Each structure stands twice: as C-alpha cells, then as structure tokens.
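Everything below concerns the one structure shown next.
Chain lettering (A, B, C and D) follows the sequence in which the chains are written, and residue indices restart at 1 in each chain.
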Amino acid sequence: MKNTFGSSVCLTIFGESHGPAIGAVLDGLCAGLPVDEAFIARQMDKRRARGDGLSTGRTEADQVRLLSGVLNGRTTGTAIALMIENKAQRSGDYAKTQDLLRPGHADFTAYAKYGGWQDSRGGGHFSGRITAPLVAAGAICQQVLAAKGITIATHIRAAAGVEDLPFAADEPALLARQAAAVSAASPEQLALIDPAREESMRAAIRAAGAEGDSVGGILETAVLGLPAGVGEPFFDSVESVLSHLLFSIPAVKGVEFGLGFGFAGLRGSQANDPFRMEAGRVVTATNHNGGVNGGIANGMPLVFRTAVKPTPSIYKPQQTVDYVAKRDAQLQIQGRHDPCIVHRAAVVQTCAAALGLLDLLTTCEGTRSQKED
Amino acid sequence: MKNTFGSSVCLTIFGESHGPAIGAVLDGLCAGLPVDEAFIARQMDKRRARGDGLSTGRTEADQVRLLSGVLNGRTTGTAIALMIENKAQRSGDYAKTQDLLRPGHADFTAYAKYGGWQDSRGGGHFSGRITAPLVAAGAICQQVLAAKGITIATHIRAAAGVEDLPFAADEPALLARQAAAVSAASPEQLALIDPAREESMRAAIRAAGAEGDSVGGILETAVLGLPAGVGEPFFDSVESVLSHLLFSIPAVKGVEFGLGFGFAGLRGSQANDPFRMEAGRVVTATNHNGGVNGGIANGMPLVFRTAVKPTPSIYKPQQTVDYVAKRDAQLQIQGRHDPCIVHRAAVVQTCAAALGLLDLLTTCEGTRSQKED
Amino acid sequence: MKNTFGSSVCLTIFGESHGPAIGAVLDGLCAGLPVDEAFIARQMDKRRARGDGLSTGRTEADQVRLLSGVLNGRTTGTAIALMIENKAQRSGDYAKTQDLLRPGHADFTAYAKYGGWQDSRGGGHFSGRITAPLVAAGAICQQVLAAKGITIATHIRAAAGVEDLPFAADEPALLARQAAAVSAASPEQLALIDPAREESMRAAIRAAGAEGDSVGGILETAVLGLPAGVGEPFFDSVESVLSHLLFSIPAVKGVEFGLGFGFAGLRGSQANDPFRMEAGRVVTATNHNGGVNGGIANGMPLVFRTAVKPTPSIYKPQQTVDYVAKRDAQLQIQGRHDPCIVHRAAVVQTCAAALGLLDLLTTCEGTRSQKED
Amino acid sequence: MKNTFGSSVCLTIFGESHGPAIGAVLDGLCAGLPVDEAFIARQMDKRRARGDGLSTGRTEADQVRLLSGVLNGRTTGTAIALMIENKAQRSGDYAKTQDLLRPGHADFTAYAKYGGWQDSRGGGHFSGRITAPLVAAGAICQQVLAAKGITIATHIRAAAGVEDLPFAADEPALLARQAAAVSAASPEQLALIDPAREESMRAAIRAAGAEGDSVGGILETAVLGLPAGVGEPFFDSVESVLSHLLFSIPAVKGVEFGLGFGFAGLRGSQANDPFRMEAGRVVTATNHNGGVNGGIANGMPLVFRTAVKPTPSIYKPQQTVDYVAKRDAQLQIQGRHDPCIVHRAAVVQTCAAALGLLDLLTTCEGTRSQKED
C-alpha cells in the first residue's frame, strides 16, 4: 500500500505541489475525541514558509478544510478527510529547466518510476509540500495523545553548524521543562532549548542562503508520558514504526534512538540502563536506550534524532543531465526555495511521531492483556 | 499486524527461544523460482554461534525444515512455511534470576505489555534467536534477487572500537569488488573488507568478553544492481521500508543512508550528487545519497549503516529490580551469552534488506508504467 | 483498516450524507493509464436519482472533482483523490424524527458503535450516498480493465417481483451480446436484457412507492475477458474479494456465484463443468461455477448475483424506539426516499466489481510465474 | 496479501495436501487467554473424515502441534503457530490421471496461475485439507469468544435434498436452545436441529455415493451474544468480513444473511425489523436482517447461510482435457473422495466465523468511543 501508513490508525496522503489540492484521510480514531481546528492551524503555521530569508518565498495560507469525520468539534468515528487547496503555484518558474534533473531531488527517480507520466511541476508528489497534510493529520493525533497525557516536542538540535543544547534524556524532570519550552515557541521562533542561540543559527542559515547555498541539521524529539508496553515485538517495534514514518519525511537520511550511533563504541556495562524502583514504579537510572527496550516502550521518555540533509535546491550552478536530450548539461535553478528546511521540518517530525505512536497505542488498547489470576 | 511485514512479499515470524520451534511464513513469491536449500544452510551458518569466544556457547544446528511452498527446488507460488526446532534450550540457567529484570533487555517491557503471561524463558519472543527464521526467509529472498542481478553484502564497519575500511560508495567498480569479497567470507571469518583487521577485532571482542563485558559496533550494507525506480513515494520509501526492517533486528539503535548523520554539517553544494551520462545511462558522480533520491532507488549502489548496541547480557553485576518483590536488587547474569553480536547480525542485516527490497521490487513490478506514446 | 479496501489497488472512502463533501482516494494504479472524465460522469449519472417516481427527490449533480493523481487525462502513478461536494442537503427533514430509530437502517447500530458521536444527519456515513465515490473510483477502474479487454455489465435480474431474462452464463457469445446491450442502456433506462419488461418493472416499483412502500430485487453481473489465473488461493479468492466488496454496498444481503444456492440440490455429475479444447484454449462446456474454480478465474465469463433488500425508508407508519427517551414509539418517516434502489445500485455493483478485479489482477501481475524450463 | 486474513487478529495459512505439513499462524490475540488443547482436538475431530461412507477413506489423525504463543494453557500474546503433519498421503493415486483436469476442481486454474510449478499432488494448496489449520485456529478464536459470552453454532440446513429445520432467527430463546443442541452433537453425529432427520440424510448421501456421485447442501450458522456495534462501516461490514472468509472455504458458492435472497421479492414494510424496548435493551421484533443493520451487528442473533456445491470428485466418467497433450479426454477419477463434504464443512464454517468475528471485535475494542459528556 503505497500512500497509506498504519495498522490501527491509518493515514492516506494525496496531492501534488501544483495540482488543485493536497490532503489526507485519517482513519481509525475513536468517536467523541475533541478536535480543535485552531490547534491544527497553529501547527500548520509552524510548518509555513515565512519569507523571512530562512525559507521559500512561496507562502501558502495552508488552510485546512475538514471534509468528513468531525462534527461539532468532535470525531464522529468515521474517516477524517482533510484538504488544503494549492493557491500560490507558479509552475512557470519550472518550465525553463524542466528537462534538467535537479541533483539531490526526485526528478530522475520519478522519471524512472513513472516513465514520464508523473506530475513534475514543482516536484509534484515529491515536493516537501506533501508534508502539509501530514502535519494537519498529526495535529489531530497530537490532540488525542495529549488527552491521554502524552506530549511530543521537537527541537533543532543543530542547523547550519550551530548546535542547540541536547534534550536531557537521563533527567525526566529537566527534559519535561525543556520540552514544554520548545513546544511553547511561537511559529515565528526557532524551536530551541536555548533561545540564546537563535540569532546565531538564523545568521548561519542566512549566510548560506546569501551564497545561493543551503544547510542541513539534526532534529531531536522527546515524547513524554508514553506508557510502558506500547509497541509490538519484532516487525512493529516502536523504533521500526517511527523510523518508517521519519524516513518518509523528505530529506531525512538518518534516524537514531537514545545514544544511537553513539552505542557503537560503548561496552555493555556503559550502555545498559540499570532499573530501580521509584515511587512504586520501575524506572531506569539512565536512559541510553531512549525509552525503548526490545522494541517496546519502557515508560521513560522516548528520545530520537533525525539527520536532515541540506535542501537540494540551491542557486549555485550544478552539473546535471538533460533527461530528454540524454546529454550532460548545466543547471541554474530558478523559483523559490528554502536555504534550510530543518526548522520547518521540526513540526513535521512531531506530527509524524504523533501518528506513529497513536497507531501503536491503539493497537495496544485492542489487545490489552488479561489480568493475572 | 504485529508479526507480519510486507505489502507484496510478506513475512510472518513466530516462536520463542525455549519453545518447541521457531519459524516463519514467506508469502507472495512467484511460482517457479529456484530455492537452493544449501544456500539457506550457508546463510544460517553465518548467523550461528560458534563457541569461539566471540559468541554464546548455545550452539544450535538451526536446521531449516521447509514445510510448504517449495517442491523439487522451486517455489510453487503458495506460502513458504519454514521451521527450526529448538534443541539446545537450557531454561534452568534462567530460573534463578527470572524475577530480576535484565537491564537493556525486554524483560520489563514484556511484563508491561503482556502482564506476566509472556514466555520469558531465554528472552522468549524477544530473543535474538528469533532472527534465525528471518535469515532463512531472507536467504530465499536473496536468491530471488540474485536471479535478477541484485546482490547484497554486509560487512562489520566497526566492532569493539576496531574499524574496517568503509564501502567505496562513490566508486561502483571498487564497491562491487569489496562486496564480492565480503560475501565470499566463510562463516568462520568476520565479514571485513580488509581481512588484515580481523585478528585485532577478534582480540578486542575477546578482551571485553574476558572482562564479563560486551561490545557494540556498526554494520554497513551495499546493494548492487537495484534498478532505478524501486520504492514508493512518501510512506513506503526505500529508506522507510528498510529502516522498518532494520530496526526490527534486536540491538539496532540507529540507521543511516549514504552520508546519513554526516549530512547535518554539510551545505547543499557539498551534499548534492551531480548527474551525468555514462554509457547511455544516467548516473551520479558521487553517491552521498546512498542510492536513494526522494525515497526511490536511483540505480546507484544502495549504501546504509546500522548502529548495533553492545549485547545487554553481561556478567558484571548490575543494579536492577526484582519485578515480583517490587524492590531494588542486584543481578548476576548466568547462562550463555555473546560478548558481541555484531558479526552474527551481519547476515541478519543482509537478509532483512533482501526481504524489504524484494517486497518493494514486487510492488513495483505489479504497477509498471505504461509506455510513453 | 476500516474504510480502506484492497491489497494492490486500494480504495479509501470518506464522507457523510450531509457533510461538506464525500470522496475517495484510489491508489496503486500504474502511471500513464487514460482517465476519461466524461466516462466517470456517465457512470455517476447512472447512479443518480432522477426524481422520476423510482428514486428519491434529492437530486445531486454529483460532479466529481479530481484533486490529484491525474494529469492531462492520464494517471500519474500517485494516489488519485476525488471529491464530490454535497449540495442538496436538507437536514431539517430529519430533525423531527432524529431520536426515532428507523427500522432496517443503521441508526441504532451507529449509536451502539459510536456512542452518539456519529453524524446522523441523513444517515451520515451509512447513507447510500457514500456509494457515489465508489462509483467514481470504480469508473476509473473500469477504464483500466477495458484497456485490458475486460468488461463488466450488471442488469436488474428482478425488481418489485418483475424478472428480467437471466445472463446466458453457458453461452459466452450470447452473453457477450447481452452484456453489451445492458451496458449501452442510457442512464434514463433500466438496465435490462429484455427492454420489453421495462415498463412493467417501472409500474411495479411505482405502485409500491404509491403505497408508501418499497421493493427489493436481484442484480446480476457478468464479467467478460477476465484471464484464467486471476485470484489468490484461500483467503483472497475471486469470490472472497468480490463478496467483500459487494456486501459493502448498503442493502446487499446475499451474494452467489454461478448456480449459487442452486448448487445445494444438485449432484456432482450435474454440477461439474466438463472441460474441452476450443480453438487451442481450455474452456468449460457449461459454466455452472460462474467462471471460478478453486477461487481462481478459469477464463469463462464470471457471473454472480446479489440480493438487494427493499429500501428501509418507507412512508408507512412503523413501530420503533425513541433512543433518547428509551421507550417504544411510532415512526412516520419524512424526507426524500427511494421506493427502489435496485436500479441505482446496478452501476455501483459494476464499479465495486471493477475495483475488486483490478486489485486481484494487479496482485497477479506482480507475481507472474516464471516460464517453465 | 495472499494467504493472510484479518486486520486486528490475523491468520496466515500454509501447506499442501501431500507436503510435509499444513498449518497456520494466528496473531493478534491478547495475552493470558485460556487455550484448551482438548477443545481444539474435538473441533478437529468434527472435521475429520470417518470412513463411514459419508466421507473419504483418507483418515488423518490431524494432531495439532502448537509451536509458539501458548504456554501453560494460556496465550502469551505473541503469534501462535500451529502445525499438522500430513501422514496418510497416497500420491500414487493421482499419478495415473495427473494431466487430466478434474472438472469443478482447481487443477486448471492452478495451472493457469502457477504455470505448472504448483504442487498438484492431491489438489495441493487447493485441497479441502487446507481447512484443517483454519479449524485449529478458529477453535482458539471460539474459546476467546466464548469467554466473552459469544457462541457460534452451525447446522446442516440441507444436504442431498434432505432438509433440517431452520434456525428460529426471530425467536432468540428457541434459537439458543437449537444452537446449544447443535453444538453438543458428537463428532460422529450430523449437526442437525432435528436429529430425527439424521438417518434419511445419511441414506441420501450414501445413495449418491453408491452411484459414484456426490451431493451439495446448505449450512446455516447462528451467532449468539455478539454485542451491538461490532463491525466497521462500508468495507469491513460484518457481512463483508464474514463472506470474505466463508467464500474462502472450498465449495462455498453462495452466502446470505437473514432472509438473504428471500428479500428480493419482499416490500420494505415486510422486510424491516421493528425496534422495541425489552428489559431496558433495544431489540427487534423480527430478525429478517440476521442481526446486521448497515453492516454493523445490532445485538440480535447473527444468522447466515452458505451454499455448498457437490464435491467435484465423483467416480462417474467425465469429459475433460489432457492439459499436457492439449486434447479432449475422458477422466475416471481414482483415489479416496467424499460423496459429501457439507457435514465436514459445518465446523469449518463455525471456525471461519469465529476468526472473522474475533477480528472485528478486537478492532472494535481498540476504538471504543468516548463516553458522552
């Protein structure tokens, strides 16, 4: 199933960058759950380009229209369809260079896959724009999780070479404060634990943009309140399901949980998280495993990071191929592009995680174990 | 769907470490494909513990019995069930410490999930032993892929702090020689590009084991011959599907494609892979993206790495919790354990990748585009 | 997955009768397939109420808007989203009786399932209106099948006690002529093999409507050109997949293939279809099995029938329950209803079959057997 | 997914009639549910051929071996694999006639689908023998349902032209007694409401068998205790999911719920089931809809019937085709065959229904509606 994700809570995504509309169908939610459209709009606003030198000049209102499944601010139990009209298409920008494959983009692979029938205007289905319905649907999932005491926060761990403080995975109380601060950031702000670093990060991104170049970064997410026991053994582990979603986000090239690649150089005695009792609950003294043991949530904060590659659309001249003429060519990209998408992708990562966790949680609730005799 | 993976080619895995048998059902293969049981046995042998100081003393013959779907060395088109009897169970080893949660293991999360009803003997369903049927099924997938000219090789990029040479992602011809050499390694050898490093790697692993400790590492995989166009947009990207499988392998805590986390500090002009024509084919001059653009294979070698954490079972005393008494306790692990599983996991990674890629390839073949008019 | 059907070609349906819009997402089609919007409109027209005494006075234009996945009259290979705005809602008609459960309808079961949160206006998600996006999507599937030489025709085998001639399942040439004639019927006509019976069928339906009552009937479908070998063994047999879809259509209460329930009283010697060679092809001398053996298409015409119950909305007073007051009550239905839906459901059945068969065919093409050596 | 059924509770079936073993993997059950192997054995016994003139002389012990997922008589929460060794294969019986397509069987369609690679010994994967693991898995599902107060009973409504009394769908108390009596029938008895008809039914079957012929029949199932609200709207209605499974059973050619095809000739005023309050519960005065409204269970007994065609294997000479020589031929079937499979299929139908209903119920429990404010 190509554009559908999920076992219990399913999301189907559709649309092309310059088509009439993009959207999604979210299915499998209980009836009676509150859906606050203002919250959805606020999450959409965090993903929106602001024309502030950090992101593309294509600024879409991205108004989300709920077509079904919600009545009087509550889920009805049936599929929630949502739609976002495309308004600011300027396909003309792409016409001059449309046969030239943009390096780092899906132009060539779309040709290879769809044989020339794909809608290639503005990247078509491969545009970062397709993350907009994921955010809208994930915003609904976030609300459902929040009602169960589960919150998710993503900050820019690094961008353009400027680092933020890391999430304090081993100190749940501090981590909770960090997460709350990050979530409270306004759509105009960069989501950082240490706001003092915002200006230097902005400056570094703008500097690259000024050179016609782009930058990458790292996004770090913390999930608080996830109950122990969520996740399925083997194929549908928490890590499997989340990474599946995270790698769906354009530009994500790496995913790690807890210490991640840092585990490679450690010994077991350094890596293991000792258990201890705390207020009648089993907790771990450290949280190197990022809240997951054997693929199942252990009740500690979930912590993971993604590597986001630099936006492939740059204004520097690039060597490429004219796909129609089948010969080497030079490309000078036109149009409106982001020198950095890391900051816009933060809310996408939060929303993708919300979808994945709600799916796993719902599966879990359908198969609650019998009480021991 | 908890223990089933796949859209077009599906694998269902079952079994517990100390139950009567473990196994799998592989469904969705064409009829008439050759299945060589000797090749399966050889792959199983690569995963087998050898009692050589690098892995557990539990040495299972791991004989794979094909129950259905194969006749006279060919697939029949129906589901292939395979079974491996468990023979060397020594559940007694676990009895003394069964209420003590082993740090880094799924003991606690299995309790949280299954309420005490789980089969916890030897780790039950969470044992690394459950990767044996994945290897058997993946070995069949490897044969199907090989018949289409697609080969997969995994080497130990690092273990116990000792590094191997990296795969030469940017140089397909050299990479092909490296991959061939790695695949040709005997089950007794470590899968390394540079065999000269084998002894120091063995020594480093044994040294940790001698201290009752364990080590982690990094596995790197290259896939050659994958045609451009394989993979689905958004949710079922090559990266999404492979990471889903890779994170299913116990102890994997990170996955990255191409430069992976190395992308975070680069600029677009450094990260993009320029296209060029080569012998009438579109290729990229570098391969930073590890063979994937926009989630779809671009025809260059696929290259990815996983972070494997140190085996959690160590002989050093550890702080933990007695789950029944609900109090802190000290654990001294008994039984037979691996000081390192990185080398045994290499073939698991190859086989997981084979399954994922065959699934994507089969989906692709069912929806081949119409010829352009 | 609640509102998604399919393995290889998937359809997700959404919407409520009185919500802003209904629609569907159709995924899994190849790129480059022709999509004729005029053909879709014509199929929609066949499902449309005409206010002619045979169907409800709610006449919707049912204009299908394609939001994605189609460009310049061809599929792009990505998900096709389509939307139909609801325009002629008159929710006021339902307000007076909204606590009174309509017998034969889903009012009570929706309450039981959704706890009162459902959108109950006009039947909500359980309205026959939800078949409109199925027709739109199925019309696309019909075009894809037609390009492969597979055609589907449904006629009204019986309605209001008036019978049409049966499809000549045993005589492929005659059946082909019958099917062509039925498919050529205009949207204003009843789909009948024998047009001479149209007037008496209309009269019988109108007579029931005039009494404030409704009628049921039988729909019979023939599929021509389906290649032998389509269908999966056991769970996804042709009969399983088609019946799954057919029973999704509101009011369908029975499905039978070939002789169906007529098999119960026969002996094997009467029931079996002897094979014979005809122009180098294996055919059956009779077609009692309706084109399916062992769940797989045998290359003969596929023939099946559904039982459609009388529209539950009748104007005669009915005994029921006031669900809010929890007491017995009498119901006098208001609003605009169909005395018969059999004739409108004919195209729905054709379109449902088109979806199911295209899904099976696509699965089949992905796993074409190897040539025999 | 070709041999897997289910959304929340999934069953994968494997095996060939003359291969080493047949079996199944049942996944998605809660941990801690009691599994009584004696009950499974008893259900298997009901499906077993007895060599009593009513069924084939191939009598298999059909001992079910549980390989995983059950420990100390309880589910562990992980996948339950079960295996039945094939012991009484006599492939030689088939050798003489193996190129001659048996009318009514899957011989030809298996060729068409698998291109000659299929295991055709004894019907291979298309043998009725493949229903044995379905019974074993369904027996586990039955136990889970029984613990929730849901029971299922199937009787032979008709066989060889001899009818049993019908289930009293409109009278729940009487129906409950009928269902209990039918379920209590020993494996040696025919499952009939009226035991006085057993001898004439046996005689009629034996008479057909004596002539080298076979007979068909009708199976009727009642489900008691299914709560209102189970089932999903549109695609996964109770009728859709059950019919999908029922048509998977070899020889089933028709499925109807409630009055089924009897609805076709009725008016809405005759067909609708009026609601009324009874002991504080909403019930229907009649049960023409067989316990389903709008695809969702309404709390009344579920009642459905299947048409079972006569066993295609008969000893009378039949016209057919030699598939290898590609010419017309005459077939004289050898081997051991059932003159009637209706009575053996009764428990298969019960078990299929148990699987389908448990799947729907589990989906339902994962998405329980919020309480109304």
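The rule we apply is simple: a contact is a pair of C-beta atoms (placed from the backbone, for glycine too) under 8 Å apart; a residue touches a chain by one contact, two chains touch by 3 or more.
Keep in mind the model is a prediction, meaning the values are calculated, not measured.
Peer 1: By label order, what chains touch chain B and chain C together?
Peer 2: Where chain B and chain C share a partner, that partner set is A, D.
Peer 1: Starting at chain B, find the fewest moves between touching chains needed to arrive at chain D.
Peer 2: When the steps are counted carefully, the minimum from chain B to chain D is 1.
Peer 1: Farthest from chain B in C-alpha centre terms, which chain would that be?
Peer 2: Result for max centroid distance from chain B is chain C.
Peer 1: Could you put a whole-Å number on the gap between the CA centroids of chain A and chain C?
Peer 2: Chain centroid spacing, chain A to chain C, equals 39 Å.
Peer 1: On a C-alpha centroid basis, what's the spacing between chain A and chain B, in Å?
Peer 2: That pair's centroid distance is 26 Å.
Peer 1: Just give me the whole-number Å value for how far the CA centre of chain A lies from that of chain D.
Peer 2: Distance between chain centres: 45 Å.
Peer 1: Residues of chain C touching 2+ other chains?
Peer 2: Where chain C meets two or more other chains at a single residue, that happens at 1-4, 7, 13, 28, 31-32, 77-78, 113-117, 125, 233, 363, 369-372.
Peer 1: Give every residue of chain D touching chain A within the complex, in rising order.
Peer 2: 7-8, 28-33, 77-78, 233, 362-363, 365-372
Peer 1: In the complex formed with chain A, which residues of chain C make contact?
Peer 2: Touching chain A from chain C are residues 1-4, 6-7, 10, 12-16, 19-23, 25, 27-28, 31-32, 65-69, 71, 74-81, 83, 113-119, 124-125.
Peer 1: Along chain A, where are the residues that touch chain B in the complex?
Peer 2: 1-5, 7, 11, 13, 101, 103-106, 108-110, 112-117, 125-126, 130, 158, 161, 208, 213-218, 227-237, 239-241, 243-248, 250, 252-277, 280, 282, 284-285, 289-290, 292-299, 307-314, 316, 318-321, 323, 326-328, 363-364, 369-372
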